[in-house]
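Multiple structures are listed underneath, in structure tokens.
Shared between the two complexes below is subunit A, which has subunit B as its partner in the first and subunit C in the second.
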Partner chain A sequence: MRVEVKFSSKRFLLTLMLCACSVILLQNHDLSRDASFTFRLLCLAAALLFCFGCYLPSVFLRKRGEDILSVLQSRPKWERWLITAFYCGYFRYTAVYFLLPYTDMFTKKYYTEASPCLIALLLLCCCVYAAFKGANVITRFGIFLFVLAMVTNVMLFGGSLSSLQMDADSLVPRGTLGDFLRDAGYFLTPCFTAVLFACLSGYTRNFRLRQPLIALGFTGLKYALVLFFITFAVGEYALRQDYQTFVLSRAAHFGSFSGFESLYMALATMSVFMIIALLLCAMAKAVNRNGSLPVIVLFAASVFAVHFAAANFDSAKEIFNSPSLLNLLSVIAAVVIPLFYLIIGRKRYA
Partner chain B sequence: MPKKVLSLLCVLPLLLSGCGNSHQIESAAIIENVSVEEKDGQLLYTFYLLSDSETPEAVGVPADSFEEAQGLAARQYIPHLSLAKLELFLIQKEVMHEIMQRDIEYISTQASFSPVAYVTLCDSAALEKVKKSAHAQETIEKQLLLCKSNHPEVNIHYLSVFNSYADSRRDCFCVPYITAEEELKVSKLMIHKD
Partner chain C sequence: MNYSVKEITERLQAQFAGSADLSVRQFTLKSKAKRSAALYTIEGMVDKEGLAQSSLNPLLVYDFGSQTAAQTYQTILHTVLASSDVTEITEEQLIAFITSGFAVLALDGAEKLLAIGVQGYAFRGVSEPESEVVQRGAREGFTEPLRVNMSLIRRRIKSPDLVFEQLTVGKTSQTQVMLCYLKSAASPYLLKKLRQRIGACNLETVLASGYLAEYLEDPHTSRLFSGVGISERPDTVCGKLTEGRIAVIVDGTPAVIIVPRLFVEEFQGVDDYSNRTYYAALIRVIKSLSFGVSVYLPAVYTALAQFHPEYFPSWILIKTARSLSQTPLPVTLEVLLITFVYEIMKEAGLRIPKSLGHAVSIVGALVIGESAVTAGIISSSTLMVVATAAICSYVTSPLYPPVTMLRFVFITVAGLLGLWGIVLASAVVLISLCSKTSLGVPYLSSLSPFSWRTMRDVFVRANWKTLSRHTIKVQNFTETEER
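This part shows the complex of A and B:
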């Protein structure tokens, strides 16, 4: 039996930040077309503030030295099964939610002859191995990914500086309530990291409240920079194709040296890998605290089956392309359930 | 027995190398630049293949648009056509109004084209030079970069030309114009949108 050692909370939050940043890497016409850049920044700030709110119930649980999965151990069996089933369903949904756009982007933009299901299968095989190794090892990988992300961001943003064409019109806040709801709904997607925090933070030590604040702050900065360069360096051209950040990576150049899409794809691949590995890890831990290999393989197989169905049937795909549904489920998993156990626990301690 | 089955299952994925539909790089026809001009009253798109010979290898395809020329070239003239490394699109000045906006709009929708490939107008003499010398393209690219650094308002890439067409608040914009009397020269040319 493997024993999970406690690891630094800073490292865990760094990993969650990288997971949150992957949302903007897979952005594909998810934002409203008419809203200005400044208006989008306002939506981003409002959404990330809400995301921080999603962290708070788990933060208070964490202060007691517990996470949601350890709290469940002391609950009646039927209740434990019910909540575990919900979390497993949520993790499966989230895994497919990220796997679908990734495989779609890979096959549409990078290598058109590859099959989306084959890409998903290969990625899931790697994720199974990582999930088996545990959250500690995945967060160690996060340090390497952070360095890669820094290099890629420097290339993307530095290479786009020469194409910048500032437009005063885009700096005026302009947008409707519908634009606000759409954009804020999309920027709210990173609150899935609050669910991962709620389920896996029990293995961490030296937690401080400022850590999720800093992680979300950096996530917001990354989003803002990507939006800034897509708006002012790529402009209308970005809207002509799918996956606008990919277009940014192709448009970035230093003189005649251009095309950083390979670096961008590497970053997107590893970010999605890390998200799914953490989700599998959390799924396995929800069922079995030791996270054994057969459980992880079983979950990975179920994720592949759902992905296969979603990739082949448009009606199923629509369900997995909805940020609103993911946000709703995330709020239930990160706020409602932990808050319920927080209140129950307080009554018990009182 | 389960161990044998597991070992077999581990070995099988190694056969999934993904090379089933692969094209060897030696057999790929990589296009470096494309030019378009009017010849005998019809548009002629010329695809210049990547090669190490002194004289460029070019294939002319008569067509009404870039999209049609690309399709025809891939089907009839150049098997395994690859435009992923396209660096330069030369447009004869006389056909500019007919094709420039339409072709650039088409290119902007294609993921395989680099948004920062060069696009420039040129005269017939410059096109003749490109057809005769493999070094002409290199010279043009150097001249374009020089032109951009001297005149930042000049749009030398698909990306900036497309955005200039799309910007409804602008009536005109600058593009480079290559002429060749004795040697290749770049100047800027103002395009007025209709």
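This part shows the complex of A and C:
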């Protein structure tokens, strides 16, 4: 078992921000059709505010110098097993939640001859290696991913500027309660980063409350920019297509210089790679086997098995394509359980 | 214990098993007791003339009268010997000293032996190192003898803060190794770690610094890139010492080890600090780009040609497609083959005598290159891509071994999985690099973990006024509390 060195909390939050940003990269008809751009921005603001709320219980735990998994160590065995099983299940679900649309997009949009399961398998093998190296190393990798994300975003947005056609109608807030629930539900997906924070923040040092706020702020900015360019640069065409951000990358160009979908695909691949590696790390930490290769391999194999089932059975796929279910589980994992232990801990200290 | 010359001589000759280079000069001192003495040396390691003038002649001429053995010993030590370097030693140290070029004097009835510094072996003079040529820096490079190398550093740092700490490695070779550091700059924790690693080296012989380098690497980290720096330039070593690094000088080799080593150092050069800042920045950007091109260009070409030809601009696409269609091999095999042939030619070029080098160049460039393209065995575009990557790899020559390995891996992955494979392989390599440490310091320090303060000397070199404001110590990059 490896002893993880305490690393900078800023770097960890940067990594979580990149994970949160990757949600919009895999966006596929998740948003309501009729809501206007401004209305979506409102949904986004509301959802990210809620996301910040999800961080708070873990933040208070962190202030005590603990994370949820370290709190569990002092609990009775049955309770520890129960909560650990929930977290492991949650991490597995989240891993498949991201792996599924990624492999789907890859085989539908990028390279149609590839097998989704083979893509998933190869990606998981690399994730095992990264998870084995630990959360600190993954966050260091995050810095390079951040640079790649910056370059890709500049290319995507800069390359779409020439295609911008502002539609005044889209700037008027327009949408129903149903649209709000759907859009806000989708924008709530970054809540899973609050769960990762709850489980892995024990490794970090120099934490400040403003860090998650800034991370979510930048996530919101990225979402807003992507939505803006999808709405005003590719417009109706994008809405008819699968994976709209991919379409944006394909449409972006500087004169005759185009083909940014490879850059976009590199960013999406590395983002999903980082998310799954972090999830595997968290799983290993949950069972108190940090850096144990057999445990990580076992978890990766289970993720692959679930992905295989989900990729081949539509009913299973439905379960793993539901942002609502992910959000519900995220709220339980990031808010309910930490809050419970926060209250218990407070009583104990009192 | 009082020594007997006869017994020492017998033991020494037995240990050397009649080796021809052991020289024993026995003589009798001018005294009433007719005391015996002997000088032990190794043939070719001492300056015979110096030995005769400073030791042998005075010993034979001096009249010791009725002095006891102890008195005779003290007289020799303080009055007779004219050498400036005389050390009292025991019999256990005898072999180590004579094999290092000392002459050792044994006296009947004395309690100690005397080692006289009269080293006089032949060695290469100080000259400019061929592997680290600079435009405006010093023209001096390290040479083989340890003491000469120490003096080259001492001449540049005239401060008592500079410490040379002697260790010995190699059970048989008994090679002298010198740890060199600045007391005020080097971390005691890193020094302790380094001493432990050198102490753990259980090799029989240590003939070059490369033998020791592997022992200085951190365990359980990737060995693809080296966590140990090597330099043959005293000015480079002195610069590194001021940043808290530690140099390891191995006797008998001009390559001095410097630890910890960071990735960004591979793109820095001595000339950067003599040139204008903007030009130094340009050179560093060129070096970084060349590194990228040398690793990725053949792989990206393979992936594009095989999986994504639509990404080629139309004018290149037509020419490349025409060129590739005339060759019998698939593009991946073709790129791999040319890269492999290039590596063979490079090795041959390094090993053959200089007089034949020209002939090999002609054979390589004209016969293999030109004829293979004309015969339609390989395509001109592939040849150009591999040649460009090969030239770029020499811009950052210390990185040549990992770059070559990565190039082969990336070409293979690109041939199997296309651009996606390159992305995935890059992620794995990056993770491996991010996890690498050199003496506990993250190898990618400055970049990841990121530090604004140190960026002033990474891609861009700030001016000397800015650089002199704070000296950044390498141990500050470590994430553990132990610095």
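Heads up, the rule we're going with is that the second predicted complex is superposed on the first by the 347 of 350 C-alpha atoms of A that agree within 3 Å, B and C clash if a C-alpha of one lies under 4 Å from a C-alpha of the other, contacts with A are read in each partner's own complex, and residues count from 1 in each chain.
Heads up, the rule we're going with is that a residue touches a chain if its C-beta (ideal position, glycine included) is under 8 Å from a C-beta of that chain, and two chains touch if they have at least 3 such contacts.
What you see is a predicted model; the values in this text were computed from it and never measured.
In the superposition on chain A, contact of A:Phe7 is made with subunit C only, not with subunit B. Of the two partner chains, subunit C is the only one that A:Phe106 touches; subunit B does not reach it. Using the contact criterion defined above for the overlaid structures, shared-chain residue A:Val137 touches subunit C, although it does not reach subunit B.
Once the two complexes are overlaid on the shared chain, A:Val247 sits against subunit B while remaining clear of subunit C.
Applying the stated contact rule after C-alpha superposition, one finds that A:Gly259 touches each of subunit B and subunit C.
Of the two partners subunit B and subunit C, more subunit A residues are in touch with C.
When the shared chain is aligned, subunit C comes close enough to touch A:Met270, but subunit B does not.
Across the superposed pair, subunit B and subunit C both touch subunit A at residues 256, 259. Contacts from subunit A toward subunit C in the complex involve residues 5-8, 11, 106, 110-111, 119, 122-123, 126, 129-130, 133-134, 136-138, 140-141, 143-144, 256, 259, 262, 265-266, 269-270, 273, 277. Those residues of subunit C lying in contact with subunit A across their complex are 307-308, 310-311, 313, 417-420, 423-424, 427-428, 430-432, 434-435, 442, 444, 447-450, 479-480.
Subunit A meets subunit B in the complex at residues 108-109, 113-114, 118, 125, 163, 165, 234-237, 240-242, 246-247, 250-251, 253, 255-256, 258-259. Those residues of subunit B whose C-beta lies close enough to touch subunit A in the complex are 13, 16, 18, 21, 108-109, 111, 114-116, 141, 145, 157-160, 162-163, 166-167.
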